[in-house]
Amino acid sequence: MKIKIIPLLFIILGFFTAYSSCGKEKYTITAAGSTAFQPFAEKLADQYMQLNQDTGVTIQGGGSAVGIQSALSGAADIGMADLVTLPPEAGSLSATVVARDGIAIIVNLKNKVGNLTLEQIQGIYSGVIKNWKTVGGNDHSITVVSREAGSGTRSSFEAIVKNISLTKEAIIQDSNGTVRETVINDANAVGYLSHGLVNDKIKQVSVNGVPCMTDEIIKGRYILVRPIFLLTKGAPKGKVKNLIDYILSSQGQETIKSSGLIPAK
Amino acid sequence: MAIALSAITMLVLIVLFIIKEGLPFIFKIGITDFLLSTDWEPAAGKYGIFPMIAGSLWVTLGAILVGVPLGLAGAVFLSEFIPQWAMKTIKPTIELLAGIPSVVYGFIGVMVLAPLIREYLGGPGLSIMAASIILGIMILPTVMSISIDSIKAVPNSYREGAFALGATHWQTIHMVVIPAARSGIIAGIILGLGRAIGETMAVIMVAGNAVKLPNSPLDSVRTLTANIALEMGYATGMHRQALFATGVVLLIIIMLLNYIAMTAIRDRGKKK
Amino acid sequence: MTVHPRYTQTIAIFVLTLLTVLTLAVLVFIIVFVFGKGLPYISYDFLFAKPEDMGRSGGIFPTLIGTVILPLFAIIIATPLGVGTAVYLTEYTRENRITRIIRFGADCLAGIPSIIFGLFGFIFFVTTLRMGWSIMSGSLTLVFMILPTIIRTSEEAIKAVPYSYREVSFSLGATLWQTVRKVVLPNALPGIVTGIMLSIGRSIGETAAVIFTAGSSLRMPHSIFDSIRTMSVHFYILAREGISNKNAYATAAVLIISILIINLISYWMMNMFIAKKTK
Amino acid sequence: MEGDYKFRINNLNVFWGKAQALRSISIDIPANRILGIIGPSGSGKTVFLRSLNRMNDLVPEISVEGRILLDGEDIYHPDVDPVKLRKRVGMVFALPVPLPASIYDNIVFSPSLFRIRDRKKLNHLVETSLTSAFLWDEVKDRLKTSALRLSGGQQQRLCLARVLAMEPEVILLDEPCSGLDPISTAAIEDALGILKKNFTIILVTNNTKQAARVADNTAFFLMSEMIEYGATEQIFTMPRDKRTNDYVTGRFG
């Protein structure tokens, strides 16, 4: 009998602490979804909580679909999604664009190709162009790196480039970070990722002659750009509205810009 | 009684949940189209998981080829030829390795193993071979530590009996000790097998996840688990059902493997 | 066929030694690799400060708490359930179709990828039962995940207890329950503990199931209904999102050290127990 | 063969699956005597012994028919709790099986099952049981060491002491000396000689000489049947059945 009482006590103790601390818990807003936006959301949440001591903000990842689902089910107050076009089931949600994000095409530092046209990108990702020679590089076969089906970055990329039927040889990576790692390690790889995550271990190529830079995106010359949505069930109100308003304020947008994203407007 | 029932109910709940979400989809698409088609393009409504089935089987087979001989040899050596005091440090080390998160193994695979394979053997590096080796290493501690336990549980009188009949130490091991410890060893292998076929994160990191039928161990593949985990975060509607259906297939494969393993135990038991 | 047993033995032992050395070398390499890359960055601040900038700088304290709390709750719930089931299957029922089905089911479930448990937990605990991403959802999901392992390893351990011990116990007037409690369980304990250790290891190392159910919030939890991030999830996010490789390695090193500490404690406890019996 | 009967057994049939392990055994066993049961291996001696404390219940294939009365009560009556029965009818097995615990804990295993917690009483029980089993002098200084460290002979005497500590009425011994050296065997035989004052003892043995030495009455089992039962002296000197004669004079088996 001894054996069984101990864990029971633990569980009861657990519940007790849970409820006792529930009383003094402050109001918490939960936001969930896009992994691409998660880091920026964390930063914004920190700043917001500095200004509003009575509100807690919890940020969860999970992906854009999780963002949509949890906003629909009420598991989160705010869903975060980074898709060019929202799926039909998100129709009932109220969507606010809070930022934009450029999608950069990246290659290994050793690669001498510096520019690709949209058609070339389409050809490479569809498996029609198989060798770097064809687009002005060395005589090496291309390792195509893409994202998983459903990824906001991938669907945005494919929606803008158009007519991609992804080659079966493509390596699939499930995050911006790993796409970057793969391209860093493989001299013949090509990938795409969120503009804010480009670093000096990889080389970014221009698309149609335009480099992926904040200015070019704001001017509308760089074409691989997708919006980032905050989704709420019905129009945002109360604390949630307060938070979204903060993100849209000049202070919030400044944070977004300084972290490498593009402001909403 | 109540405890046993509630534990079992919990387990049944999960299975029913997966089946309920996945099975209707399989019938809607058609079993042959779902299982045997090689096209997986959820955006275009194409849901064929044959490449993933092949991927899972290859990678698991590879992991078994790497992990089981090494694990068994290690277990036999450590429990039969090593003094007790040395065992006292080695066994905890092995169990420690069982606790290292799979993502760490996966990360090492990406940083160390994949570049080696790409450099010396060719291909993209992220491949069946990389995944097999990493998974094989991951299941080593499980296979080893359970095998050691069951070898240790063989009564010493068995060994003494064999020695007394003039058997060498090795004959004693493979004719007396291993058969006596068989049930435990197989349990260990099944656990290892389960871990290999069910592993997700490490495989996603090192297998490359390309949706195609592999031609060589250096090709990139996607496993069933990777298929689920990669797209789960985004999938909705049909796509999500397709992933649950992938889960059903995975479950059936695991059941088949277990069934084969169990019949193997029983048949060998009969021969005796 | 005609090779002398002595030679077979020499060859066999040679091969065994070779494989064992290879195995141990690989395993040692992994530890040395992670420690080599991670240990230099571990400091008091790293362990006990709160993370800054998504973990790019600062410490890992909340994830340390998460790594302790989540598996602890899971084990506390799963151990009595799992061991109880194993006892029931081995001692209270005769081997029949139903026990075989249950055992088969447990074997199969041991092989279900954790992502499915994560998914189940997400839909069942997080949304349906409205527990949200929380310690509670996370540990309950882990309970489901480790239960099959605990049942199977406990069962093996219980079966390994010699039948004669049970006979003796019965002949001395013990009831079935007394026999289980005073003879079977104590003698099966080392095997049961191995199973529990494996499960703790699996819980600590789990990423997929935890990220979907306990969430990935980097803040300190205030109650068991708050979200938490474990070290494995933290490592995964740091490494995968390319946030900081050195903090990722340092987190991995801390993970390995904590598992080491847990293992040492359990070994110490087990040795105390065995010593009591054989001294 | 005078005095009270502890066991009265009438037409006992035991089946192991479809095979019959015991064929219509009827025997009355007097109290405070030693009954020796002899016979070749496989003659049903052990099955008979295990019917008396219902250890056979643990083997699902075995079924028991007929009546066994212990002090006039049918021990196979549905109201009888086998656990309580086994407390009254203790058993020592062929191979010594000390539980992997200290000597002391082995002895107090049974008393502690019945909620005897009093240290003094337990200590006293340990001393008296070990003394009765002729083991006290050898182990009194190391009661807390593991029972597994004892020699085979000491282990078997420990098992006897462990049964004694249960304070049963009947002690069943299943070839208790089969693996032991002559000195340990002698110690156990001496102990039994004294113990019969307080207990009814049933001793199954392969060693006919042992039965001749210690038993008051002897029964001879052969091929699932009881061939002959009588005072030990009579069985060994003037057996009525030719097969008994052949067996005790060593002409077969």
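Order of writing sets the labels: A, B, C and D. Residues in every chain begin at 1.
Operating definition for what follows: a residue touches a chain if its C-beta (ideal position, glycine included) is under 8 Å from a C-beta of that chain, and two chains touch if they have at least 3 such contacts.
Small disclaimer: the values here were computed from a predicted structure and weren't measured.
> Quick check on the contact graph: shortest path length from chain A to chain D, in steps?
2
> Grab the C-alpha centre of each chain and report whichever is closest to the global C-alpha centre.
So the chain sitting closest to the middle is C.
> Let me have the rounded angstrom distance from the C-alpha centre of chain C over to the C-alpha centre of chain D, please.
47
> Can you compute the centre-to-centre distance for chain A and chain C, using the mean CA position of each chain? Integer Å is fine.
Computed from C-alpha means, the inter-chain centre distance equals 33 Å.
> Would you mind pulling out the distance in Å between where the CA atoms of chain B average out and where those of chain D do?
Centres of chain B and chain D (C-alpha means) sit 52 Å apart.
> Multi-chain contacts in chain C: which residues touch at least two other chains?
Expected reply: 80, 162, 239-240.
> Where in chain A do residues touch two or more of the other chains?
In chain A, residues 35, 62, 174, 178, 181 touch at least two other chains, as defined above.
> Specify, in ascending order, the residues of chain B that touch 2 or more different other chains.
205, 229, 232
> Taking all chains into account, which pairs touch?
A-B, A-C, B-C, C-D
> Once bound in the complex, which stretches of chain B touch chain C?
Answer in residue numbers: 1, 3-4, 6-8, 10-12, 14-15, 17-18, 69-71, 73-74, 76-78, 81, 90, 92-105, 107-108, 112, 137, 140-142, 144-146, 149-150, 153, 155, 167-171, 173-174, 183-184, 187, 190-191, 193-195, 197-201, 205, 224-225, 228-229, 232, 244, 247, 250-251, 254-255, 257-259, 262.
> Using the touch rule from the top, collect the residues of chain A that touch chain B in their complex.
Against chain B, the touching part of chain A is residues 35, 62-66, 68-69, 87, 89, 143, 148-152, 155, 158, 165-166, 168-174, 178, 181-182, 185-186.
> Which of the residues in chain C come into contact with chain A in the complex?
53-54, 73, 76-77, 79-80, 126-127, 130, 132-133, 136, 211-212, 215-219, 222-227, 237, 239-243
> Help me check something: in the complex, which residues belonging to chain A touch chain C?
These residues of chain A touch chain C: 3-4, 7, 10-11, 14-15, 17-19, 21-22, 25, 30, 32, 35, 38-39, 42-43, 56, 58-62, 70, 73, 75, 174-178, 180-181, 197, 199.
> Show me the residue ranges of chain D that touch chain C in the complex, using the header's touch definition.
Chain D residues touching chain C: 53, 55, 58, 60, 83-84, 86-87, 90-91, 93, 95, 97, 99-102, 109-110, 113-114, 144-146, 148-149, 159, 162-163, 166.
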